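Notes follow once the structure below has been shown.
By letter and in written order, the chains are A, B and C; residue numbering begins at 1 in each of them.
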Amino acid sequence: MPVSESHSLASLTRPSRTSTLTKLSGLIEPHRIILLALFIVGLVAAIQLMDWSWLPRYLPKLWEGLQMTLIMLFSSVVVGFLFALPLGLAQVSGAWPLRWLATGFCTVIRGTPLLLQLWLFYFGLGALFGQFPEIRDSWAWDYLRQAWPYGFIALTVSFAAYQGEIMRGAFAGVPHGELEAAEAFGMSRLKVFTRVWFPRALHRALPTLTGEIILQLKSTPLVATITVMDLYAVITQVRQTTYLTYEPLLFLVAVYLCLSGILIVGLRWLENRVPH
Amino acid sequence: MTTVFDLSLLAFEPPGWGKVLLVGFLRSIELAAGGYLLGILIGIFGATGKLYGNKVVRDLLEIYTMVIRSVPELVLMLLFYYVGTDLLSRASTAMGFGSVNIDGLTAGILVIGLVQGGYATEVIRGAILAIPRGQIEAAHAFGMPPGKVLRRVTLPAMTPHALPGMANLWMIATKDTALLAVIGFSELTLVTRQAAGATQSYIMFFLAAGVLYLALTLVSNLALRRFERYARRGLVSAR
Amino acid sequence: MFKTLTATAGLIGLSLFAAPVLADTYKIGLSAEPYPPFYSPDAAGDWSGWEIDFIDELCGRLDAECELKPVAWEGIIPALKTGKIDMIIGSMSITPERAEQIAFSNKYYASPTGIVALKSSDVQPTAEGVEGAYLGIQSGTNQEQYARKHFADTANLKVYQTLNEELQDLVAGRLDGVVADTLAVQTFIHSETGQSCCEYRGAVASDAELMSEGIGVGLRQGDTELKERVNAAIDAMRADGTYEDITEPYFDFDIYGS
C-alpha cells in the first residue's frame, strides 16, 4: 500500500527513511521528471539571459585557480592525516605530558576559527620572519615570502586537529578484547599495534574520511584572503572587474557542487576497493 | 612594528582596544546565537518535511541540504547576502513595499541561520528516526492531534539523540561568524583585523581574539555537557 | 499543522519588512578596513579622518542624518546597487567602468596612483621598472585595475583585501613595492617604520581609460536629485573655505587637484 500524502496516521507513524534522489531509477517518477524539466528550462534561461561574456576570457585563470584549490585540498589532507595518527594515538596511550600536549593542540585548533589561524600564520608570524635579516638572506625566504606555504600549513594543522580527534575515537574504540587476545598470543607491543590496533582503528575512521575531505574542500576558499590565487580568488577578481552580482557567484556554486559530487563518487569507489 | 607585546593596547579604555574587541565578541555571540536558533527552526521544519511531507517537498529539501553540504560556507554567505537580499528587494518592490532594508545583524543571522538549517535538518531527521516508534504510536492511540504529538512526544524524545550533532553545530556557528568578516560585518575577527591594522601588532591581537574564541568554546562545551546529562536522564546509556 | 506553522513564519517574516525608511537619513558606505588619514577606526570604535569630517559637513549641508556603514570594499558597489547603502563616500575613484554601474558626483579630491617601494629594491613606476618584483595591490581598487593592465606581464601581483595588510607585508619584506593611492600612503611614508624601510618612488604614468578624474561620491544611477544636491554642497564647501578648514589638520597642501 503506497504511503499516502495526506496527514493520515499511516504517514505519521511510518516516515520515509530513504531518499531516491541519488539513484537513477528515482528519475522515472513523474514529479521528478517535472522538476528536472523545470530545472533544464531554468538553466537554459540562465544561460541565455545572463551575462556570461567574461567566462571565455577568464577560463585559463579559472583553471589555474581550480588547480590551486585542488593542490591545497589534497596536500593538506594527506599531510594532515599523517600528523593526525600520532595525535590520536598520543591522546589514547601516551605518557601524560604527550597526552596533554596533543589534547591541548586539538582543543585550541578546533576551538578557534580557521580564518583567524590563517591570518595569524600569514600576517602575524610571516611578518615576524621578515624582521630577521638572517632569514631574509637564507634560501627559505623565497618560500616564506609567498602566501601558499602559510595557507598549506594552516589547512594542514586544521585538518590534523579535526582528524586527530576522530583518530582518538577510533583508537579508543577498538574493542579491548582484541588487543588482549593479541597479547595473549605473545605478540610484541609493536606487533599488536601494527597487526591489530592500527588497522582496526583505521577501518573505523575511514568511513568518515569522505566527509572530512569534503569539509576540507569547503575550507579552502579562505586562503584567498591571504593572497593565494585559488578558484574563489579568481571569481572575486571577476566580480571586481565585471561588477556582476549573480553570474560569478552562481558559477562558483556550480563548480563546487560538481567538485563535491566528483569527490564523493571517487572516494566511494575507493572505499569499495578497500576490503571490508 | 613591535615584536614585544604591548599589552597596554588591550586595555579597556581607549587608546586600548580592549573594549572594541569585547563589543565585537558580543556581536559574534549574538550572530552565532541568532543564527543557531534560526537554524534549529529551519531544521525542525526541514526534518518534518523530509520525513512526513510529500515527494516534491522532500526532493526540494534534499536539494537544499545537498547544496549547503557541498558548497563552502564563505560562498554560501556571499550568495545569501548579495543575491538573496537583491532578490528580496526586487520581490518587495514588485509587491509595492518599496526597497527593503535589512540591517546588519538581521542579515548576518539570516545568512548563518540558512547555512545552519541545512545541517540541522539532517541532524534532527536522524534524531527523529531514532525515536522508538512505539512512543509515537502510543501518542496516536491516545488520540493526540499531530501538532500535540510533535510538541509533547517527538521533540522531547529526539533531543538526547540530536544533542551531539546540535552541540557540534553550535561550535560550527560560533566559528562561522568569523567568515562574516570577509563580507564586512563588524564582529570579533573583523574588529581584530582593524585593530591589528591600526596598531601593526598583528600577533598580539590575533592571539587575543583566539583566546576569546577559545573561552567561548570551552564554556559552551561545559554547558552542553551538563545539558546532555540532563536530557539523557532516564535513558540507558548508549555505550 | 504544517500550514499554521508556515503561516506564522510568513507573518513573522513579513513583519521584519514593516519598518519604514525615513526620507532624510542616508546610509554612507565606506570600507570596513581602515584607510588613514581619510578614515580609520580608533580604539573607542569611532571613525575619524578627513573623509569623516567631509561626510559630517556634507550631511549638514544636505540637512540629513548620516549613518556610517562600513562594508567590505569588495562588495561596496553591489551594496549600493541593492540599496544597503545610499552613498559611497570611501575614497572611491571615478572610473569609466564604475560609471557604467553607478553614478558619481563631482570629484572632491584627486590623488594620483603611485608606488611605494623598499629602499633596497630598485622598483620604478614603469612597466620595465617592476620587472620580476612582487607588487601588492588592493582588491577592488582602480590601482588594482591599473596594475593588472600594465604590470601583470612583468611583475608578480599579490592581491590583498586591505591597504594596511599590503603595507605590513612591504615592511616585512615580502613585497618589493605597493601600488596605491598616493595620499593614502602619506601617513605610512611619514611614519617611523615607513621612513626606515621604504620610500615613495613616484606616480605611475596616467592612463586615460582607467585613471579617474578624481574621487567622487558614489550614487545609484537613479538618484539624480541627490546627485545635484551633493554637487551643490561640494561646490559650496570649496567656495566658502570649509574645504580648506577640513583639509588643514591632515594635509599641508590642497588635495583637490587641478
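The definition used in the following text is that contacts are C-beta pairs under 8 Å (C-beta built on N, C-alpha and C of every residue); 3 or more make two chains touch, one makes a residue touch a chain.
What you are looking at is a predicted structure, and each value in this text was computed from that prediction instead of being measured.
Trainee: Upon omission of subunit A, how do the remaining chains partition into touching groups?
Mentor: Connectivity without subunit A: one piece.
Trainee: Once you count every C-beta pair in contact for both, which comes out on top, B-C or A-B?
Mentor: Spelling it out, more C-beta pairs touch across A-B than across the other pair.
Trainee: On a C-alpha centroid basis, what's the spacing between subunit A and subunit C, in Å?
Mentor: Centres of subunit A and subunit C (C-alpha means) sit 36 Å apart.
Trainee: When the centre of a chain is set as the mean of its C-alpha atoms, what distance in Å lies between subunit B and subunit C?
Mentor: The computed centroid separation for subunit B versus subunit C comes out at 33 Å.
Trainee: Per the centroid of Cα atoms for each chain, what is the distance between subunit A and subunit B, given in Å?
Mentor: Between these chains, centre-to-centre, one finds 20 Å.
Trainee: Of all residues in subunit A, which are in touch with two or more distinct other chains?
Mentor: 7, 123, 127-128, 131, 225, 245
Trainee: Where in subunit B do residues touch at least two different other chains?
Mentor: Each of 1, 78, 82, 86, 146, 182, 193, 202 in subunit B touches at least two other chains.
Trainee: By residue number and range, which residues of subunit C touch two or more other chains?
Mentor: 1-2, 78, 81-82, 161, 165, 168, 171-172
Trainee: Under the touch definition given earlier, write down the residues of subunit C that touch subunit B in their complex.
Mentor: 1-2, 4-5, 9, 16-17, 19, 21, 32-34, 36, 40-45, 69-73, 75, 78, 81-84, 161-162, 164-165, 168, 171-172, 193
Trainee: Give every residue of subunit C touching subunit A within the complex, in rising order.
Mentor: 1-2, 74, 77-78, 81-82, 97-98, 100-101, 134, 139-140, 144-145, 158-161, 165, 168-169, 171-174
Trainee: Please give the residue numbers of subunit A that touch subunit B in the complex, ascending.
Mentor: The contact residues of subunit A facing subunit B are 5, 7, 9, 11-13, 15-17, 19, 21, 29, 31-32, 35, 107-108, 110-117, 119-120, 123-125, 127-128, 131, 214, 217-222, 225, 232, 245-246, 249-250, 252-253, 256-257, 259-261.
Trainee: Residue numbers of subunit B touching subunit C in their complex, please.
Mentor: For this pair, the touching residues of subunit B are 1, 14-17, 19-20, 23, 41, 45, 48-49, 53, 78, 81-82, 85-86, 89, 92, 97-102, 104, 106, 145-147, 150, 182-184, 186, 190, 193-195, 197-198, 200, 202.
Trainee: Would you mind writing out the residues of subunit A in touch with subunit C in their complex?
Mentor: Counting only subunit A, the residues touching subunit C are 7, 123, 126-131, 136, 141, 144-147, 225, 227, 229, 233, 236-237, 239-241, 243, 245.
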